C-alpha cells in the first residue's frame, strides 16, 4: 500500500506529540501500544495498527530509560512496524524485525540530543543566579519543542520519503528471510524480559520468577472445550504476585519490628544497669 | 473548577481542614499538574534538574513573594543534579516546598533533596517501570493481539490515571513535609522489596505467555523419525525453551555486559539461519 | 403441587426438631442443607429437597449467629425454598428469592424470643440463690421447648395454610420477574461471603483471599475430555489453605520464640551486670 | 455402655491411668454430652449463662456432695454473663470444674471464666463458623447440586462428629485445668490467626465456585455487535464480576454499616431489573 | 520367550557391573531404570526393558540404603521384572509383583555379605598398623569383586537356570491372580513414597507435602485438546518446590541473623555496663 | 590430559592461581575420582572406613613422603567407624587432607572427621537420596513409561554428572580446610531444611502421579446402581485414595514399626483379593 503525503504529514504530527510525551514520560503515548494505534488510525487500518502495537509493545517491554539511559527507541519501533506491515504486506512479526534499524536510528538521535543539550543547564544556572524565571522557562520549553520537531520530521522522512526504496528492498527478500524475521519477532520479547530481570532479579526475588513462570504455564494451558484460553492474560498471576508480596511484606516487617522492640527494651535495660 | 478555586483561596485550608501555611490545596494540585513536565530539557549533564526546578517556581513565589534573594538561592540549589523516577520527583517537590514554607534551613532542604532522590528512584522504578508497565502491557496485548481496540484504549486509560496520580504524589509529599523523612527511608525499603516480588512474579509469567521459541514440527529424530525434537522439550517441561532463552540473554547482559543492539541483531540473524535450515 | 394436612403436620415436627437444634447449635440440622433434605423427604421429592438445600445453604453461608446476633433465618429459608419450588413449580433459584420474606419473619420471631426471654435469667438467679437445681433446670427446658413449639406451628402455617394464596400470588408473576429471582439466587451467596469476610478479613489474611480465589478459578476450569469438572469442590483449596496456615503458624511462632529467647537472655545479662 | 460405666466408678482413673480426683473420666464425658445443650434458654440479657451453669451441676454435686452453700455460690457466679463459641464453652466448663475440684479460690475461678470466654469465642468462631461450615457446606453442595443425597448425608455425618467433639473438648479443658492458662491465651492467638488464614482462603475459593454474576450472551456492543459484554470481563479476568460484587457488598457492610435485610432486598430488585432489561 | 545361554552369561556380566555400582553407589546403575534397560538390551527387547524399568523404579523409589541399611533389592527387582515379563508374557506391572521374591533373596544376600565382611576391618587395622598400603588396598578390592561375582552368578541362575520352572509356575495362575499382581504394581510405589516420608516428613515440611500433592493433581489433569497431558512429569513441581524452599531458607536465615545481631549488640551493651 | 597434568606438576598452583601447599589441584581432582570407590568393602562393623581411608592414601603420601610413622597414624585413625553420604564423604576427605597438609594436631583432625560425618550424612541424604533421585526418576519414568529410551538415557546422564560431582566436593572440602568448620554446621542446618522442603514437595507430587488405587468401574452402589464407588471418591477429591494409602503405609511404618517385607506381601495379597472380588 502507498502512504499519501497527507498521511505522511499527519504522521509528523503524531510523531511530534508522542515525542513530547516521550520526553516527559507523561502518559506513555510513546509506547508502541499507543503509537501503533495512532499510526493505524492515520493509515486507515486500525486493526493492523493495534496488532502491530501488541507485537512491538511486547518486544520493547524491557526497553526502559531507567537511570536516564536511552534504549532502542520504542516510539519509532511502534510506528515503523505498522508502516512496514502496511506498505510491504508483511506480517506484524516480520515487520517488527524489519523496523529494528529505525529503532536504532532514533536511539542514536536521542543520545545525540541528551548529549548536545548539556549546554542547557549552564545557561539555566546563569538565569537562576539572576532569578530570571521567564528566560529559564523559555529555554527549557524551546529545547523540548525543538527536539520533538526533529523527531517528527525524521518520522515523516522514514514514513513517506523512504517508502519506495524500502518496499523494493523488502520485496526482494526470499520467504525464508521474512520467515526468519517472524521467528525473531517471537523471540525478541525475551530481550525485553531479560532486561527487566537485570534490575528486578535479586537473591530474594529469584523464587518468585519461577513461581510466576510455573503458574502461568498452568494458566496458559487451561482451555475451554472449544479450545479458547480461559485466562487471557497475566492479571491472575499479578493478583497472586500481589498476595505473595503482601505476605512477604508482613513477615519482613514483623521480624524487623520484633527486633526493634527487643533492641530498645534491652538498651533500656542496659542504661538502667549503668 | 475555577470558581471552586476562588473559593479555596478565601479559606486556605486543606481538604482535611488543616491549615496549610501560605500554600493552598489548589497550589499543590497545580504543582502536581506542572510536574507532568518534570523531565523536559533532560540532558546527561544534570538530567531532571531543569524541570524539577521550573515546576516549583509558581508555588515558591507564593511563599516568598518578591524576595529575589530567596528565589535565586532556591533556583540555584535546585539546579543541582537530579534524577529520580518522575512520580517520585513530584513527591520530592512536595517535600521541598513544604520545608521551604516552614523556613527550614536551606542546607537541610538541599540535603533531603539530594539524599532521597536515589532511594525514591529505586522504589518508583520498581513500581512504575517494572510492575505497572508489564501488567498493563500484558493485559492490553492480550486484547490487542486479535486486533481489538480495547487493547490500546485500556492502556491509554490506565496511563491517564497513572499520569494524573502526580497530583496525589504532590499532596503526599507536601503532607509528609519533613516530618517522617526517616520513615520514608524505612518504608521505601519494604515497598521496593514487595514491588520487586510482584514485578518478578509477573515477569516470570510473561515468559511463557509472550516468548515463542519452538522447533518446527518437521524437525524429527530417531531411526524412524517418529519423535519431533520439540516434543522432547515439551516432555521435559513446557516452555522450557523460552525460559532458557531468557536466561541466556540475561547471562549475556549480566556476565558479559553485552550491548542490547548486538543481542537483537544476533537474534535476528540466528532466526534467519533457523528459518533457512528449516529447523523452526 | 398440593401439600396435604399430614405433610403439613410432619413439617411441624421437622420444624420443632430443627428449631431445638438451632437453639442449641448441636448438630447443625437448622442449616438449609439438612432442613431442606428433611422437607424433601416429607414432601416425597427428595431430589428437589436436596437441590434446594444446596442453593439455600450457599446463600445463607454467612448468616451466622456469631456474637449472639440473629440473621435472616436459615431454617425457614431452607424449608420454604423447597416448599415454594414444590408448590409453585419454580426453579430452586427462584424459590430461594421468594422464600426471603419468610426468612425475615423468622428472624423477627427469633429476636422477639431472645428479648422477651430476658426475664428468664432473673428467675434463674433466684433459684441459684436457693440452690434449687430442679426448678433451675425445669425453667430452662420449658422456655426452650416453648420457643421451638412456636417455630413449629409457624412453619405449619406457612407451609400448609398459606399455600393457596402463595400459589396464586406467584403464578401471577410474569417470567421476567421469576427470571429476576433466579438471577438473585446466583448473586445471593455473595451476601453470605461478604458477611464472612467482615470477620475473617484482616490485613494479614487479605492475601489469602486472593490466593484462594485464583486457585479456585483455575481448579474450576479443569475439565475432563467429556467436560465434567475434575475438582468438584473446594476441598483441594482447603487442603492448600491448611498448608499455608501451617506455614504461617510456624513463622509467627519462630519469630516470637526467637524474640522471647533473646529477651530472656538479655534480661539475664542485665541482672548479671547490676 | 452402662456396665462399662459402673466398672469405671470402681476404679476412678483416667484412660491414661492418672488419678482424676473425685471426678471420673465418665463424668467428664457426661459433661461433654450435656454441654450439647449449653446454649438453651439463650437471651440477650445473659446469653449462654443458664446452659453453661446447668450443664456442670451433676459433676459439681459429685465434688461437693450436699454442701448447699457451695452449690449456691457456684450457681450464682456461673449465672453471670457468658457468651462464647459452644465448643469452647465446653472446654471452659472442663477448666472450671477442674479448678473447683482442686478447691481453688472461687474469685480466681470466676476470673478465669470471665477472662477466657472472649478470646475463646474468637478462636471457636474462626474454626467452627468460618472454616468448618464453609468447607463442609461447599463439599456437600457440590454433591447436592445434582440432587445426590450424599450431599446432606456427608453434611450430617460431619456435624455428628463435630457435635460429639464436645466430649473431647470437655476432657481437654478438664486436663488443662488451671495449669497452662497463660499458654492457652498465647496459643489462642496463633491458632486464631492460622484458622483465619484457612478460612479466608476457603472464602476466596467460594467466590468463583458459588457466586454467579454474568451478563446475558445477547448483550453485545461495538458497531457490528460482535463482542458480548461478558466476553470483555472474561478477557480481563474470569470471575471478576463475582469478586467485584462480593467486595461491593463487603464495602456496604464495612463502610456504610448497611443492614443485611436491605442488601438482600436490593439484590432481588436489581436482579429483577436486569431481567426486565434483558441484560442478564 | 526363551533366554539363551549367551544371554544368560551376558546377564551375569550386567549383574556383575551393576553390583559393583551398587556397592560403590557410583553412578546409580543399580537402580531399576538402568538395570532394566541393560537387561532389555541383552534380551533384544529394549522397549520392554525400558517400560519395566519405569514400573520397577517407581516401586523401589523409597528403597534406599540410607544409614547403611539393606532394603529389598532394586537391582534384582529391575532385572527380574524384565526377565519375567519377557519369559512369561505378563505385563510389566504383574511381572513387578512376581519379581518380589527375588528382591528379597538379594536383600538377604546383601545383609549376609555386610555381616560376614565384619572380619575385613580387623585385617585392615593390622595392615594400617604396619603402614602396608598394598595389602590394604588389595584386600578391599578383593572382597568387593568377590561380592559382585556372587551377585552375578546368582543373577545368572535366576535368569537362565530357573526359567522353565518359573514359566510353568506362572502359567498356572488364573487371570485374577495376575490381574491382582497388576493392581499391586500400581499400589507398590506407595510403599516407596511412605518410606521416603519416614525421613523427610517433619512438622515443618508437612505443609509442603500437601502443596506438592495438590499442585500435581492440578498439573496431571491439564490436557491438550487431543487428551495428552501437558505436564508430563513432576519437574514443574520440583521447580516450585525449589522456589518455596528458597523462600523458607531466606526467612529462617533472616530471623536467626536478626536475632544474632541483637544478641551480640545487647551482649556488647552488657559488657560496656560492667 | 596427561600432558596437561605434567604441566601442572611443574607449577603447583590452583586454578585460581592460589598456592596449594604440597598438593596440586590435580591431586584433589584425583581424590575426587578415587572417592567414587569410597564405599567398597562396606561392612556393618566399620561401614565406610576402609574406602574412606584408602582413597586418601596417594595424596597423603605426597604430603608426608616416606614418613612411615605418619602413614601408620593416618591409616589407623581413619579406620575408625565412618558412615556418611558418599558425596559428603568426599568433601570430608578434602577437609582431612587440607588439615593434614597444614600439620594440624591429629587429635583435632580426628575430632573434625568424627564430628562432621553425622550432620553431613543428614544433608547428603536429603539432597541425593530424597531429592535428586525422586526428581530424576520421575522425569525418566515419564519418558520411559511409553518405552522411549530417552528415559534411561537422561537418568544415566544425570547420574554421570552427579557421580563426577565428587570432584567438585573434593575441591570444596579441601578449600574449606579447617577454616569455616562452624559455618558448615550452621549452613548444614538451613540446607537440610530447604532440601527437606523440596524433597517433601516432590514426594507430595509423586503420589498422584505414580500411585494408582482405584475401584473398578463395575463397582456401583445405590438402588439403581447408578453411581460408581470410585466416582464418589473422585467427587470428594481426585487421588484421595492414593493419598490415603500412602498415609496408611506411613502410619504402619511410623507407629507399628512394620517391616517393609510384610507390607509388600500384604499389598500383593490384598490386591489379589480385590482382583478376585472384582472390586478393582
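For clarity, chains are labelled A, B, C, D, E and F in written order, and residue numbers in each chain start from 1.
Everything below uses one rule, namely that a residue touches a chain if its C-beta (ideal position, glycine included) is under 8 Å from a C-beta of that chain, and two chains touch if they have at least 3 such contacts.
Just so it is clear, the structure is predicted and the values come from calculations on it, not from any experiment.
Peer 1: By the touch rule set out at the top, what is the minimum number of steps from subunit D to subunit F?
Peer 2: 1
Peer 1: According to the touch definition, list the chains common to the neighbour sets of subunit A and subunit C.
Peer 2: Where subunit A and subunit C share a partner, that partner set is D, E.
Peer 1: If I average the CA coordinates per chain, which chain comes out farthest from subunit F?
Peer 2: C
Peer 1: When the contact pairs of A-B are compared by residue number, which of E-F, C-F or B-E has over half in common?
Peer 2: Selected pair, repeating A-B: E-F.
Peer 1: Using mean CA coordinates as chain centres, what's the subunit D-subunit E distance in Å?
Peer 2: Distance between chain centres: 48 Å.
Peer 1: Roughly how far is subunit A from subunit D, going centre to centre by Cα mean, in whole Å?
Peer 2: For subunit A versus subunit D, the centre distance works out to 53 Å.
Peer 1: Where does subunit E touch two or more other chains at once, residue-wise?
Peer 2: 204, 206, 208, 210-211, 213-214, 217-219, 221-222, 230-233, 235-236, 239-240, 242, 244, 246, 251-252, 255, 259, 262, 266, 270, 273
Peer 1: Where does subunit F touch two or more other chains at once, residue-wise?
Peer 2: Residues 139, 142-143, 148, 235-238 of subunit F touch two or more partner chains.
Peer 1: Which two-chain combinations qualify as touching?
Peer 2: Going through each pair of chains, those in contact are A-B, A-C, A-D, A-E, B-D, B-E, B-F, C-D, C-E, C-F, D-F, E-F.
Peer 1: Would you pull the subunit C residues touching subunit E in the complex into a rising list?
Peer 2: So the residues of subunit C in touch with subunit E come to 218-219, 222, 224-225, 230-231, 236, 239-240, 242-244, 246-247, 250-251, 254-255, 258-259, 261-262, 265-266, 269-270, 272-273.
Peer 1: Which part of subunit A faces subunit D closely enough to touch in the complex?
Peer 2: Interface residues on the subunit A side: 230-233, 235-236, 239.
Peer 1: Taking the touch rule as given, give the residues of subunit C at its contact with subunit A in the complex, in rising order.
Peer 2: Touch list, subunit C to subunit A: 203-204, 206-208, 210-211, 213-214, 217-218, 221-223, 227, 251-252, 255-256, 259, 262-263, 266-267, 270, 273-274.
Peer 1: Can you list the residues on subunit E that touch subunit F in the complex?
Peer 2: 23-29, 31, 33-34, 36-37, 46-48, 50-51, 53-55, 57-58, 61, 63-64, 66-68, 71-72, 97, 100, 104, 114-118, 120-122, 124-125, 127-131, 133, 136-137, 139-141, 143-144, 176-177, 179-184, 186-191, 193-202, 204-206, 208-217, 219-221, 232-235, 237-238, 240-242, 244-246, 248-249, 252-253
Peer 1: Could you please specify the touching residues of subunit D with respect to subunit F in the complex?
Peer 2: Spelled out, the residues of subunit D in touch with subunit F are 139, 142-143, 148, 150.
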